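Common to both upcoming complexes is chain A, partnered first by chain B, then by chain C.
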Partner chain A sequence: MAMDPSEVEFLAEKEHVNIIPNFSQDTIFLISGDIGPFSAGLPVSVPLWLAVNLKQRQKCRVVPPDWMNLEVLQEKKQAEMDSRFFTEMPSPFYIEITQLLLQCATDDIPRADEIRTLIKDIWDLRIAKLRSSIDVFIKSEESHAKLNFLTLMEINTVREFLTKGLNHMHQLRSNLTGSGATQSSQFL
Partner chain B sequence: MGEELNVSDILQGGNGVNEEDDDDDDEEAMTAPEVLQKLEEAWMNEKFSPELLPVKSNLVECMLAQINAMETNIENAKKADLRISIHRMEIDRIRFVVSSYLRHRLAKIEKFTSHVLQEEEKRRDTDAPLLSDAELEFAKGYEANLKSHLASTALRHMPTNAATFNDKEMAVLPDLNSYVFLRVNETTENVLVEEATVDVGEEIMDFEKGDQHIMMYKPISSLVESGAVSLI
Partner chain C sequence: MAAHLDELRTVNNYFDLDDILASQEKIPCVFNIAVEGLGYLDQSTNDPNISVGTKLELPFWLAKYLNRDARGIVAVETPKNYREGYRQILAADPSVVDLHRLGPHFYLFGGKLAILNLPDNQDVLNTLLQTFQGRFRRIMDGAQNALHSDLTSQTDMLDESELNLFAAGQRGLVGFQQWESRESEKLSTSTMVVNQRKRKWVSSNGDAGD
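Let's look at the complex of A and B:
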């Protein structure tokens, strides 16, 4: 089953970020959990979807997440280059959060352009790594692989191709061993 | 919740609402955020699992009840209140999850109709029915329509020896050997990841909480049902 990148973004929008509201408001009792109380000028944690909306309505400033600064990201990029494996990202939704915040709150993020480039570099490094590991995985003819620290958006870029490819390989292999009669809907 | 509540009273107790479902004794009381979380997991599992999973009617009903209560409260609130638009947005998000979940199920019911009905027959009286009542009705209607369509367009023109439709033999089955991505929620030891075949022996490994894997669905299908792993 395919997953649209916008659905991954939808999941990312549940992550919390800090905002500094310019209004005051008692606690709001959302179904997904209480947020607030809001006092003008004081940081408060809200889900990303709300932060984006309030920012668009000019009701808040966004406080960039701790990891969204050049130093941390430089280090992260270096670590990613030095490691053969995937390193743990500061947020499982780093690419979506960066994308959304840089789109709607550029003015709240210091050196936004450089951050954008760094995140893109890290993404590119990881996707290149992902491609070469898939190559190794397929050639090894293993039946499973561990994918720790891969983020959902990264998984999603190879989901269709990889699962379909593996399904076909499995089918071909089981035809070889003569146990392929059980898959009736494989190619439907 | 009373009728004259204004927004500041909206769901004052809303997040502590117990899941009021008398028929489910094994279901512990959950808060609304927990129910939503569970529903979102069920949504992802349903999206990625090759087979139809047992329906989570209680989660769906609980969320719909929450949405309805919230909508009633919004209607009674002052129009200018900032909170109204925020509550509306949240309702839209939840409604998206609920409808996407139900749509994925309907798509599978249409694809595997006979198989789903046969499975449902086997477990109708157990604790975890595969289909909700509405889905069961839909599946039966769909099957009847499909059969009469096939009969009137094709089968009646066939020679008598080929003019019957055997749904046991013709049923489209989900491919349980499909590869899926999963995340481990509870550390589980000794998971059989590959059944023994002619040329390879069985393969067993331990799942640690937080691990992510890609592998075939079949060996871990029971872990999806128990919640020990989530499909991603």
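Let's look at the complex of A and C:
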């Protein structure tokens, strides 16, 4: 069954972002890998969850990812509009990262509001595309489809619906091919 | 894996409530032989027996066993909602038909008819598949767009299995919306605790009588 969006967010928090700490500390050794060393004023790459935590305690400044600026995102949006297919996103967790960083580090990201709107536009475009391709998929009675560059969060919003829909169609089709009828007749 | 297979095997789910309800749908039957003492089933006569040629609507689960071969106790006919006239309506525009009125378990019951070997079996099954394909987009758009509004206008034309699908789409949408508005990270009181206004004190040693 579908994951909760907060679980998807949990996975996204493993992505690395750059921060500029305002404190110094030796390397932290964690099972998932070493983080640091931190020295005040020098950029360092840390997982998103740590960046959010440090930012909330005002221990660092977040360096926005390369793709999180207006020009790149506007290009991305245009490319998404022009293409029939899904285009590759700068990060597989673009919506989660935007959401988390814009929530806690608004002051570190230039023109945060416009970025929020752009990301939401891109999301809406992609979801609309996803929906029409699902419809084509169902109508054409195909058994498999290939969709590149879909992100986890996007898949997750339609997963339960799509699997239920396909199950239902499978049932109607197996009625037709007779496998359903033979199965029922076992109980006669 | 096993759970997944179970889900696919909905054709004859013994304990599936929807399956049970669908098998109670009525199907028109004609009696091939006279049955003594069952005249009360036919409300239209006072005859204590059922005579040859009597037409009655019997539930599917009963008709299925009375119609086991060509010389069975009854002969079955295609139910009205699945006959040519309705099939043409469904072929014309499936998305405006009120499937809930045609039988709340339209697809499930239609699929069950297959084992009766009716002459227009194949046409019925084809119609079911095409109907679902035709209505799918509408259900999907309805489920993924409507939020916090009155859903009855979207759902009152849906068959039970479509309603199920609609609810799944809604869960996906609502889950995402809650995440987006940062509702999902807030701790909230369980609805059970909210609804239960006052808890009654029950003595632990059982003699609360005095």
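Everything that follows uses one rule, which is that the second predicted complex is superposed on the first by the 180 of 188 C-alpha atoms of A that agree within 3 Å, B and C clash if a C-alpha of one lies under 4 Å from a C-alpha of the other, contacts with A are read in each partner's own complex, and residues count from 1 in each chain.
Please note the rule applied: a residue touches a chain if its C-beta (ideal position, glycine included) is under 8 Å from a C-beta of that chain, and two chains touch if they have at least 3 such contacts.
Bear in mind the structure is a predicted one, so any value in this text is a computation, not a measurement.
K.L.:
Regarding the shared-chain residue A:L147, is it in contact with chain B (first), chain C (second), both, or neither?
P.N.:
Once the two structures are laid over each other on A, A:L147 reaches chain B alone.
K.L.:
If we overlay the two complexes on their shared chain A, which of chain B and chain C does A:L50 touch? Say first, second, both or neither.
P.N.:
In the superposition, A:L50 contacts chain B only.
K.L.:
Once the shared chain is lined up, is A:I138 touching chain B (first), chain C (second), both, or neither of them?
P.N.:
The second partner, chain C, only.
K.L.:
Quick check for you: in the superposed arrangement, does A:N167 touch first (chain B), second (chain C), both or neither?
P.N.:
both
K.L.:
Looking at A:T157 after the superposition, I want to know if it touches chain B, chain C, both of them or none. Which is it: first, second, both, neither?
P.N.:
After superposition on chain A, A:T157 lies in contact with chain C alone.
K.L.:
Classify the contacts of A:Q25 with the two partner chains as first (chain B alone), second (chain C alone), both, or neither.
P.N.:
After superposition on chain A, A:Q25 lies in contact with chain B alone.
K.L.:
Same chain A residues contacting chain B and chain C, which ones?
P.N.:
159, 167, 170, 183-186, 188
K.L.:
Provide the residue numbers of chain B that touch chain A in the complex, in ascending order.
P.N.:
8, 10-12, 14-15, 32-33, 36, 40, 47-48, 63, 66-67, 70, 82-83, 86-87, 89-91, 93-94, 96, 104, 172-175, 177-181, 193-194, 197-199, 203, 205, 210-216, 232
K.L.:
For a test of understanding, state which residues of chain A touch chain C in their complex under the given definition.
P.N.:
Spelled out, the residues of chain A in touch with chain C are 2, 4-6, 9, 99, 103, 127, 131, 134-135, 138-139, 141, 153, 156-161, 164-165, 167-176, 180-181, 183-188.
K.L.:
Where on chain A is chain B touching in the complex?
P.N.:
Touching chain B from chain A are residues 1, 3, 10-11, 13, 23, 25-26, 28-34, 49-50, 53, 59, 143-150, 152, 155, 159, 162-163, 166-167, 170, 177, 179, 182-186, 188.
K.L.:
For chain C, which residues are in contact with chain A within the complex?
P.N.:
It is residues 7-12, 64-65, 68, 107, 110-112, 114-115, 122, 125-126, 128-129, 132-133, 136-137, 140-141, 143-144, 161, 164-165, 168-169, 171-173, 175-176, 178-180, 182, 184-185 of chain C that touch chain A.
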